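Across the two complexes that follow, chain A remains constant while its partner is chain B and subsequently chain C.
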Partner chain A sequence: MELGNLASLQAFYPELLLTAATLVIVLIDLLTSDKSWLGEVALISTSGALLLIGVGPLDGGAWLFRRMLVYDSFSIFFRALIALAALVAVWMSIGSQEVRRCEQGEYYSILLASALGMLLMTESANLLMAYLSLEFVSLTSYVLTGILRHNRRSQEAALKYLIYGGVASGTMIYGMSWIFGMAGSLDFMAINRALFATSHIPVLAVFIALVLILSGLGYKVASVPFHMWAPDVYEGAPIPITTFLAVGSKAAGFALMTRFFYPAISHLGPDGNWQPLNQVAWPQLLLVVCIITMTLGNLAALQQQNMKRMLAYSSIAQAGYALMGFVLLSNDGLIAMLVYLFAYYVMDAGAFLVVMIVANLTGSEDISAYRGLAWRRGGALLAISLTIFLLSLTGIPATIGFIGKFYVFAAAIRERFYILAVIGILNSVVSLYYYMRPVKAMFLEQPVDSVSAVTVEYWNYGLMGVLALATIFLGLYPPPIISFASNSLRFFISSS
Partner chain B sequence: MAGLTLNHFLVLGLILFLLGGYCVLARRNAIGILLGIELILNAANINYVAFSFYGGQAAKYDGQVFAIFVIMLAAAEAVIGLAIVLAIYQNLRTIDVSATESLSG
Partner chain C sequence: MNHPLTLITFIPLIGMALILVCPPAFKAGYKWIAAATTLPQLIIAGWLVHNFSTNTAGIQFVERYPWIRAYHIFYFMGVDGISISMVLLTAIICFISVFASFSIEHGEKGYYALLMLLDTGMMGVFVALDFFLFYIFWEVMLLPMYFLIGIWGGPRREYAAIKFFLYTLLGSVLILLVMLGLYYYGVTPTFDMTQLAAQSSSYSMTFQRICWVALFIGFAIKIPAFPFHTWLPDAHVEAPTAISVILAGVLLKMGTYGILRVNYAILPAASHELAWFFLGVIGTVNIVYGAMVAMAQTDYKKLVAYSSISHMGYVMLGMASFTAAGINGAVLQMFNHGTITAMLFILVGVIYDRAHHREINGFGGLAQQMPLYTGITGLAFFAALGLPGLSAFISEVLVLIGAWQRHPVMTVFGAGTAILTAAYLLWCFQRIYLGRLDEKYASLPDLSLREGFTLVPLAVIVIVLGWYPHAILGLLQTSLNHLNRVVLAATPAQAVALH
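What follows is the complex of A and B.
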């Protein structure tokens, strides 16, 4: 089904709502002097967008806006994930002391605009749309990273992000121009038809073009060798933005990457396995990228003293695990990737939330600030929650992280990628060491400050409780998320 | 356009792309790096317009439209880039990227 411009709007309500909310926040910011409730407006809009995604009108999917966007169950999964990430980011922003010091109107309108760009990324079905939405997300993220104007680290992080991002997306569109030249179209399905039509495609040229395109997409998911910005940006940005980039931006990157590498330049076989273009070795290349990404992320995290930086390297490693599902060229692998990304959302958002609460209390993000946290008055709940999130990131059973890792490794073994699975498991063992360092500091070391009590606002406690319970509950009873992911893996690729 | 073929434009695009990449890697000045990024974007633009011109009827306007969008986004990126560079200058009194080293490890 191909919908015209007006008919497409019925599948486009979440994006329309976010657009309206962005403009409304800018207007309120201009008109009123009390800006303290702008965060609540943003919170209501993101919840509204999430609800609207949930009540999507169409079955089976459709092309929207003359084949610029595609609406299918795959995009619904990622739109829901991104709306959840935006919801958590806005919720955290309201409870964050860093954010209270910056311009509220600018901050929330740009945050919602960034979420809008991520939603568009998950739906793009055209190289132009893919580039525009990716750049939309990048430009808004640069501003959000540098939003603390008088903080030197925040500015440095924004500059590094801008430079890496500009080069990566420039390289990506240069690669896209070669694909456009060879296929004669920007439309994903037309590219697919053109590349599979002949058996004499210029293999080397296609491969180089794909490598160039991978630079832009790899930069969004922070995979090696385009990961260099991640630790600096995650450390310098305000923590709610770090969370949003780590969870939302990464999910959007995976969505676009999957849509480009799977339906656009591969064919789905009857047995659920995908056939890549003949002799174009992108799966092999990505296999190497995946192994290096998780190993490098875990090894670099071992020696970090700053929690945000450690979680940044850990999120590089987590992207490596999700890539394991991506390189298997099978529907099972992709379902495992979706499950993993959802699990990653819950546990990583939780870990960053605790880091934010501790930074609110102590003003420090170093692991030394966590010493004896469990034994301070009122600190036990915080310490237990952080332990749950870190155990989940390691992949200990009875947490959602275990379910994610189990599905990814199981899919790898089913596709006979034994060495990949072994490397993944060894990596999990290595990661246990650095994930347990804050836990050891919290439970086994003497408190720095045993007198004053730990006070946490109910606002932050509420979200922390929800995320911690979700980590445990979905770890013990995973069917809801498994069935959501496996129902979501249907790309809308009718060519008519 | 006698004598000019698609290949001439593609080679021009490639040269611009490589020069842009060199500029990004070699420059220490933040503005110089932003200029290098602009060169990379323009290399892509030349490719799009050339492929569009020589590519036949099916994609007659696609490439040109893409190039216009890239020009627009390059402007947006320059605006944000210069704003960030200005903020860096106010904080550090320099726009040399090797001076930005408080984040490392």
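What follows is the complex of A and C.
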């Protein structure tokens, strides 16, 4: 089904709501002097967007806006994930002391605009749209990273992010031009038809084009070798933004990457296995990238003293695990990837939230600031929650992280990628060491300041409780998330 | 009782919840909640043993409900002769260890809560029959252990705790991979251990061998078998007394239990082929090496830790024999080692609480000052070195009789080591308890009532099983002999033919 511009709007309410909210926040910011409630406006709009995504029409999918966007179960999964990420980011921003010091109007309107861009990334069905939405996300992210104007680290991070991002997206659009030259179209389905129509595709040219495109996508998901920006940016940005980049931006990158590499340039076989373009070795290339990404992320995280940097390297490694599902060329693998990304959202957001709460308390993000946290008055709950999130990131059972890892490894074993599974599993053993370092500091060491009590606002406690309970509950009873993920793996690819 | 296995596994979690909500004003109540939690557990274990039918090799008290349908995962519990003895052992050791924990003086709330979680994990491992469920319990146990060693342990506790965690996690991820492999490459995808055992001949021999070795490494780290044993002395030396008791009393048994439950039952052909080296030879190395290193120790607790390694070697050797005597002796040895080593660690704890050091050469003549304590230590030492009339004698003799029929050379080494064992234990006894009493220790009080309460029941078990081993052997026999026949019948040729 191909919907015209007006008819497309019925599937576009969440995006419209976010656009409206962005503008309303700018207006309110201009007109009033009390800006303390802008965060609540943003919170209501992201919840509204999430709700609209949930109740959206689901009738098998459609092309929107003259085939610029596509509406299907796959996009709903990622839109929901991104709306959830935005919700958490806004919620955290309201409870963050860093954010309270910066310009509220700009901050929240750009945050919502960034979420809008991510939603568009997940729906793009055209290279032009893909590029525009990706750039939209990048530009808003640069501003959000550098929004702490008096903080030099934030400024430096934004600059680094900008330079890396500029190079990556420039490379990507160059690759897209190669594809356009060979396929004669920017439309994903037209590219698919053109490339599969002839048996003599220029293998090398297609491969080069894909490598160039991967530089842009790899930069968004922070995979090796385009990961270098991540530690600096994660460290410099305000923590809610770090969370949003780590969770939302990464998910959007995975969504676009999957939509381009799977329905656009591969064919689905009857048994749920995907057939890539003949002789074009992108799966092998990505396999290597995946292995290096998780290994390098984990090894680099071992030495970090700053929690945000450690979690940055950890999130590089986590992207590597999710990529494991991506490279298997099967629907099982992709479902595993979706499950993993959802699990990653819950546990990583939780971990960053605790980092933010501790930063609010102590003004420090170093692991040494966590010493003896569990033994300080009122600190036990905080310490236990962070432990839950970190164990989940390691993949210890009875947490959602274990379910994610279980799915990814199960898919790898099923598709007979033994070496990959073994490397993945050894990586998770290595990761235990650094994930336990803050735990060790909190529980096994004595507090530096044992007198003053730890006080946490109920606002932050609420979100932390929800995320911690979700980590445990979905770890023990995963069917809801599993059926959500497996029902979401339907691409709308009818080319009529 | 409708769901005895669910109850016995999850009662400690209720205790944990109660301890967590109990306000700090009732600080003294934590340990009593823990005791009140492990007592019903012990009663249920007794009830299970009483109602357990020894005539069948099948599983009993089955509970089976769907859990994660997408992967055919069930909440599946049940016990057979092998697991029922371990359930009983776990219940006894957990009950005792609560009382052995009364000397913990800071962070009681966390301590007892974690102890309860550990209890659930251990019990769950022995009653789970779905591989996925088994794995969850197996891993859940690691975490409380990490904290119990890491927070309440000795000076090098941080190192010991993370070493324990990393070693065992490495082992368990190997188990996870094999579990997934067994799931996908069988005739029907399943995690049900009984069904996996039934379809074992459908796996190709090469696949079986790879899985067997990976599983072996996973379980061997827990036993701990040479050369994966290096975490054990560290963990034991740093752990508080009660945790050492649990570690030696129950956790080590999980390794050999896992080999019986998974390697033997699910991969019998590979077991038949590989056990002589991995269990026989490595087991013998464990026996000899453990005893020799124990002889060189000057730290009382380290000596007991290495003697544990040595004694677990007998279990492995017995399992490698594939004779009724050997394999029954092996599981009986698991039970006996659990009770005897628990006693030894409590005894080490008693003297450490008083003298605040464990240097063997730093004592002497304690027998004059603490006769009761010395008496019970003597009993435990003689049990450990296999004196006839005490429990370990029966199990070690059974192991050696069984092993002799198949691996005579290894048996000679195993039997010969009994002399080394006697040597290091008696030498240690002499240095600590005999001779002239050091002035410093002239005022040490003898065993307290609480300490006596933890030691006497174990001593009674040790003596009773020395004369009436059938109390445990009767439970084991039917299941173990059946398992042994399955393994003996499975030959590589048959696996290939059916494939």
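Just so it is clear, the second predicted complex is superposed on the first by the 495 of 496 C-alpha atoms of A that agree within 3 Å, B and C clash if a C-alpha of one lies under 4 Å from a C-alpha of the other, contacts with A are read in each partner's own complex, and residues count from 1 in each chain.
One rule holds for everything that comes next: contacts are C-beta pairs under 8 Å (C-beta built on N, C-alpha and C of every residue); 3 or more make two chains touch, one makes a residue touch a chain.
Note that the structure is predicted; figures quoted are calculated from it, not measured.
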Which of chain B and chain C A:135 touches, first, second, both or neither: first
Of chain B and chain C, the chain that contacts the larger number of chain A residues: B
Contacts of A:460 with chain B and chain C, given as first, second, both or neither: neither
Partner chain in contact with A:428 - chain B first, chain C second, else both or neither: second
First (chain B), second (chain C), both or neither touched by A:397: second
First, second, both or neither for A:258, with chain B first and chain C second: neither
Partner chain in contact with A:315 - chain B first, chain C second, else both or neither: neither
Contacting residues of chain C [partner chain A, same complex]: 68-71, 107, 110, 135-136, 139-140, 142-143, 146-147, 150-151, 157-158, 161-162, 165-166, 169-170, 173-174, 176-177, 180-181, 183-184
Residues on chain B engaged by chain A in the complex (per definition of touch): 10, 13, 17, 20-21, 24, 30, 33-34, 36-37, 40-41, 43-44, 47-48, 50-51, 55-56, 58-59, 62-63, 65-66, 69-70, 73, 76-77, 80-81, 84-85, 87-88, 91-92, 97, 100, 102-105
Contact footprint of chain B on chain A as seen in their complex: 127-128, 131-132, 135, 139, 142-143, 146, 149-150, 152-153, 155-160, 162-163, 166-167, 170-171, 173-174, 176-178, 180-181, 184-186, 231-232, 235-236, 303-304, 309
Complex contact set, residues of chain A against chain C: 374-375, 391, 396-398, 402, 406, 409-410, 413-414, 421-422, 425-426, 428-429, 432-433, 436, 440, 443-444, 478-479, 482-483, 486
